[in-house]
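Look at the two complexes coming up: chain A is in both, with chain B in one and chain C in the other.
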Partner chain A sequence: MRFITIDKKNWAKGIGKSRETYRLFGPVKDKNGCLIKPLENDTLPDMTYPDTVMSAKSVLFPQTEKMLFTSLDESQKDHHIMKRTATDYTPRAVVGIRPYDAKAMELVKLNFDTVDYRDPYWCDAYDATTFIGLGINTPGPFDFSTSAGSGPFGEDGLDVLLADLDDTYLAKVLTDKGDAFIDACGFYTTADETESQMLLDILRKQAEKNIVSHMDTTRLKEKTILELYEAPFWEDISFSCINCGTCTFVCPTCWCFDIQDETKQNISDRIRNWDTCMSPLFTMHSTGHNPRGTKTQRVRQRFMHKLKYFLDKYDQGIMCVGCGRCVKSCPVNIDIREVCNIMNSYEKQD
Partner chain B sequence: MNTCINKIRELSFELLDKGEVEKVIGFANGTIPMATSPIAITSTKDIETLVFNSTCGLNLANYIRQHKGKIAVIAKGCDTRNIVTHIVENQVQRDQLYIIGVPCNGMIDKTKIASLFEDDIIEFSEDGNALTVKSALKEETLNKTDYLRQNCRLCLHKNPVIYDALAADLVEEQTLESPYPDVKKIEAMTPDTKWQHFQDLTKNCIRCYACRNACPLCYCPTCFVDESGPQWVGKGQNTTDVNTFHFLRAFHCAGRCTDCGACVEACPMDINVRDFTRKLNKDVFDLFGWEAGLDITKRPPLDAYSPDDPDDFIK
Partner chain C sequence: MENPYMPYPVRIDDIEIATEDKSLKTFKFIFLNKEDEKNFSYQAGQFAELSIPGVGEIPIGIASSPVEKGFVKFTVFRAGVVTSHLHNMKKGDIMGIRGPLGNWYPWDKLENKNVVIIGGGFAFTTLRSSIIYMLDPANRGKFKNIDVVYGARSPGMLLYREELFEWEKRDDINMHITVDGTDDPNWGYHTGFVPQIVEQNAPKADEETYAIICGPPIMIKFTQPSLTALGYKEHQIIMSLENRMKCGIGMCGRCNIGKELVCKDGPVFTLEELNQTPKEY
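Presenting the complex of A and B:
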């Protein structure tokens, strides 16, 4: 661990230099809001945006990703044998990722990289990626990250944490990957470790104090799954839900996908697409039976998974980092903070 | 519109109190600024949760299907037109509904208001035509008329077309010399520019289907994009598949769309989905003199057959 000071005058040059080694991703303003995108040509990451509409999860887990392919041409020796699609796993870096989005990567990792199984697509992308985070000096009104195990200056999942000090960035280099990125940028002005840490602590405390949005998760652990599952409030919570996929797609921790085969001429691709538990199709059986056939069941599933099943299964907190995107983007304003508080305070009436 | 809520609550109270309806479907305040959420009230003690203001941009006709008993619904002009469409299309029976009509002065364009601020909005309030909007960095006082949604600015049916009671006095309807300026602009484009316009429109679509699901017309038990046997459309982010969804959905709505704007309201990516549907509304008006949802005795033109149809091919 070390601290580096980066004069903002040298920022563009350093980022440019890093392109010799890295493919860069970062926040870019667009007519549809601010999104995490590949930083083409000389585009710099927008370090001033309040928040991106979509999280950074697509950098490792694209909405549509080719996994395997095969030829259907029977004159080919290896026809109908699926082979892995070539994907570029050269080093990439996400510059300007928010700490809660980086924390989300660690939660998603619990699913894609387990003792029993390693998802090669996600893990190879993860291994190739360096996360350069930007601490949030003034958290927005939707940010409840401190209630969700992250925070405006959280370090989980990050390789470098940057703090914006007006004319300079203070960079806390957290991992070897972070070291390599800072070196590739040519940033070398070392800052005093004790002083820098003190400064960072002050910024963190100030930012955390500015967070106005909270939810209470303290009692979720002690609740029994079935009591929450059978609780009477799900009908009311789900009434307004239109069952779109917005909450799951904007969520940095939602990892579900669907696998599809798509054929064009003689080439068949096996593709995975983001899927959403809000859609009836998510659980539709080939018989036509749907075990999660009503929207109330689907809404319950989403919140139970995030706030109870995940917590019980991994014992690593809830499957939410408090970014507030679902709260902001939900067309009918279903608010996870409210639902969490209802679940957390629920007592079964005998 | 600020005072109509008292009348809405009064009417709703009476209906629930006398047991005339099982529930009242309306709007409740949201948890964040400029948000309201559809809600069903079943008890008179919850009457105070009902609100109505310029942020009630969703269409409550979307919430009235598949109820067995009688329900009351709060409906703006466009909502009532979709209720008419529902009745014509046998999605709900007229006598199942108690319609509390709200003469409407338009809903606000939340995206346009948000674009005035660099940071998130933390407070929103309205008093007549005056909107007060606050972020951590600044406060703005705006004229509501300058920040209406485009569909509201072009609206020709602000008053409910069908109702059992009104929540306020009827408002004056506007006449527009050119009700489709946006469509005309696109029509005037060269084919290449037009194509590019629609490519740009859907470029960031995430296929969450919020537009479809917020739309009262989109009630198919299984949407064509969700069919799996046969599967008509690819499910990924391939441009052709994304466009197919938008084009086909628009065509499915031809002659039925009331331009309520719920699709645009719901879209998390701020895509102006109405660019697809408006052209068809205009065509149906030009060809058949038809505006959707004005008369419960008439079927939409693309759903009707007449022996004296002027076109030969259909005979």
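Presenting the complex of A and C:
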């Protein structure tokens, strides 16, 4: 671990230099708002925007991704035999990712990188990626990351944490991947470790003070799955939901996907697409039977997965980092903070 | 580690119509690469994704048995896009199989026990695999009494009829074959629903007896009280579930019942385990 000071006058040059080694991604503002996108040509990451509309998950888990392909033309050798689609796994860096989005990568990793199976698409992308985070000096009104195991200056999942000090960035280099990126940028002005850490702590405390919304997760663990599942409040919670799925798409920790085959001119691709537990089709059997056929069942699934199943399965906290995107984007004002508090304080009546 | 989404290439070696209404067919597959057969080493009760390039994948229980070498077999009900396509394929066609997936019936735990197998309709595929496995000369000594209750709507809807009637003649397995109804005056087996035949014919439970049930939800629902009446405890009732699946390896997120994933933590659960989870199947 080391600290580096980066004069903002040298920022553009350093980022430009890193392109010799890395494909860059970062926040870019356009008519759809601010999104994490490939930084084409000389585009610099927008380091001023408080939050991106979508999370950074698509850097490792694209909304649509080709997995396998084959030819259906029977005159071709190896027709109908699937091969892995070539994808560019040369080093990439996400510059300006928010700490909660980086923390989310660590949670999603628990799903894609397991003892039994390794999802090669997600894991290869993860291995290729360096995460350069930007601390949040002034968290927005929807940010409740401190209640969700992250925070405006959280370090989990990051390789470098940058703090914006007006004229300079203070960079805390956390991993070997982070070292390599800082070197590739040519940033080398070392800062004093003790002083820098103190400064970072002050910034963190100030930022955390600005977070006014909280949720309480402390008692979720002690309740049984069935107690919460059978609790009487799910009808009320789901009443206004229109099952649009927006919450799942904007969520940095939602990883569910669908697999579909698509054929053009005898070349068939097997593709995975983001899916959503809000859709009835997500669980519908071919017989028409649907174990989560009602809206209430689906809304319950989403919150139970995030706040209870995940917690019990991995013992690594909840599957939420407190970015607040689902709260902000929900067209009917369903608020995970409220739901979590209801679940947390629920006492089963005998 | 290998790519768990990559199917092994296989050739359709044989297709058999499995029921009189032709809604089920049994497909026999041969691996194109001999070494893949070794990699596809499975246990009775597991499933696999049948993978048709350009169409998609479906999770299907493995109907062949680990003791049958040189091929794998699946009996498939024509229900959706992929299964309908599969029913129209022909011998020699190339496709893929991905697996084996999921857990299996607890063969270690079942050693030196009496085993009662209860199946209904076309949910008899992994049960066939299990019976062939247990009756294999190398394995028969590991198990005590074996009882099988298997029912279908009519005689023509019973799967693996020739094998059923062969097993009927053996003295190391007690077969209780039943149909809901038949107009065949020569029908020499039971008539009646599975729960009733279970209650009348299955052995009473003791510590040494386990039941494996596989069937449509309605059959499972009504068989449970019959087993309870015979004294079976929740941990002695073993069930295999089905849910919509895509990845089959616990990642795509749809087949969960509570925190358990049917594709990876299941499909085999005891009733005791299922009673701790939401009934989302």
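In the analysis below, the second predicted complex is superposed on the first by the 350 of 350 C-alpha atoms of A that agree within 3 Å, B and C clash if a C-alpha of one lies under 4 Å from a C-alpha of the other, contacts with A are read in each partner's own complex, and residues count from 1 in each chain.
Going forward, contacts are C-beta pairs under 8 Å (C-beta built on N, C-alpha and C of every residue); 3 or more make two chains touch, one makes a residue touch a chain.
None of the values given here were measured: they were computed from a predicted structure.
Q: Answer with clash or fit: chain B and chain C placed together on chain A by superposition.
A: Chain B and chain C fit side by side in the superposed model.
Q: Calculate the angle at chain A, using C-alpha centres, between the directions toward chain B and chain C; round to the nearest 10 degrees.
A: The C-alpha centres give an angle of about 90 degrees at chain A.
Q: When the two structures are overlaid on chain A, which partner does A:Tyr188 contact: first (chain B), second (chain C), both, or neither?
A: neither
Q: On the A-aligned overlay, A:Met284 touches which partner chain: chain B = first, chain C = second, or both, or neither?
A: A:Met284 sits against chain B and chain C alike.
Q: For A:Leu68 in the superposed arrangement: first (chain B), second (chain C), both or neither?
A: second
Q: Classify the contacts of A:Ile225 with the two partner chains as first (chain B alone), second (chain C alone), both, or neither.
A: second
Q: In the superposed arrangement, which partner chain does A:Phe233 touch: chain B (first), chain C (second), both, or neither?
A: So A:Phe233 meets neither chain B nor chain C here.
Q: Would you sort A:Asp258 into first (chain B), second (chain C), both or neither based on which partner it touches?
A: Touch partners of A:Asp258: chain B and chain C.
Q: In whole Å, what is the nearest CA distance you get between chain B and chain C after the fit?
A: 6
Q: Check chain A for residues that touch chain B in one structure and chain C in the other, and list them.
A: Comparing the two interfaces on chain A, one with chain B and one with chain C, the shared residues are 258, 260, 284.
Q: In the complex, go through chain C and note every residue touching chain A.
A: Of all residues in chain C, those touching chain A are 1, 3-7, 9, 32, 51-57, 79-80, 83, 93-96, 217, 242-244, 246-247, 249-259, 264, 276-281.
Q: Please name which positions on chain B make contact with chain A in the complex.
A: So the residues of chain B touching chain A come out as 30-32, 35-40, 58, 62-63, 118-120, 122, 136, 200, 203-204, 206-210, 212-214, 226, 228, 234-238, 265-271.
Q: Where on chain A does chain B make contact in their complex?
A: Interface residues on chain A, with respect to chain B: 30-33, 35, 50-51, 53-54, 62-64, 138, 140-142, 239-240, 242-246, 249-250, 258, 260, 262, 271, 273, 276, 279-281, 284, 327-329, 331-335, 337-338.
Q: Quick check: in the complex, which residue numbers of chain A touch chain C?
A: Listed in rising order, the residues are 67-68, 70, 72, 79-82, 84, 111-112, 114, 116-120, 225-226, 229, 255-261, 263, 268, 270, 275, 277, 282-287, 289, 291-292, 297, 301, 304-305, 308-310, 312-313.
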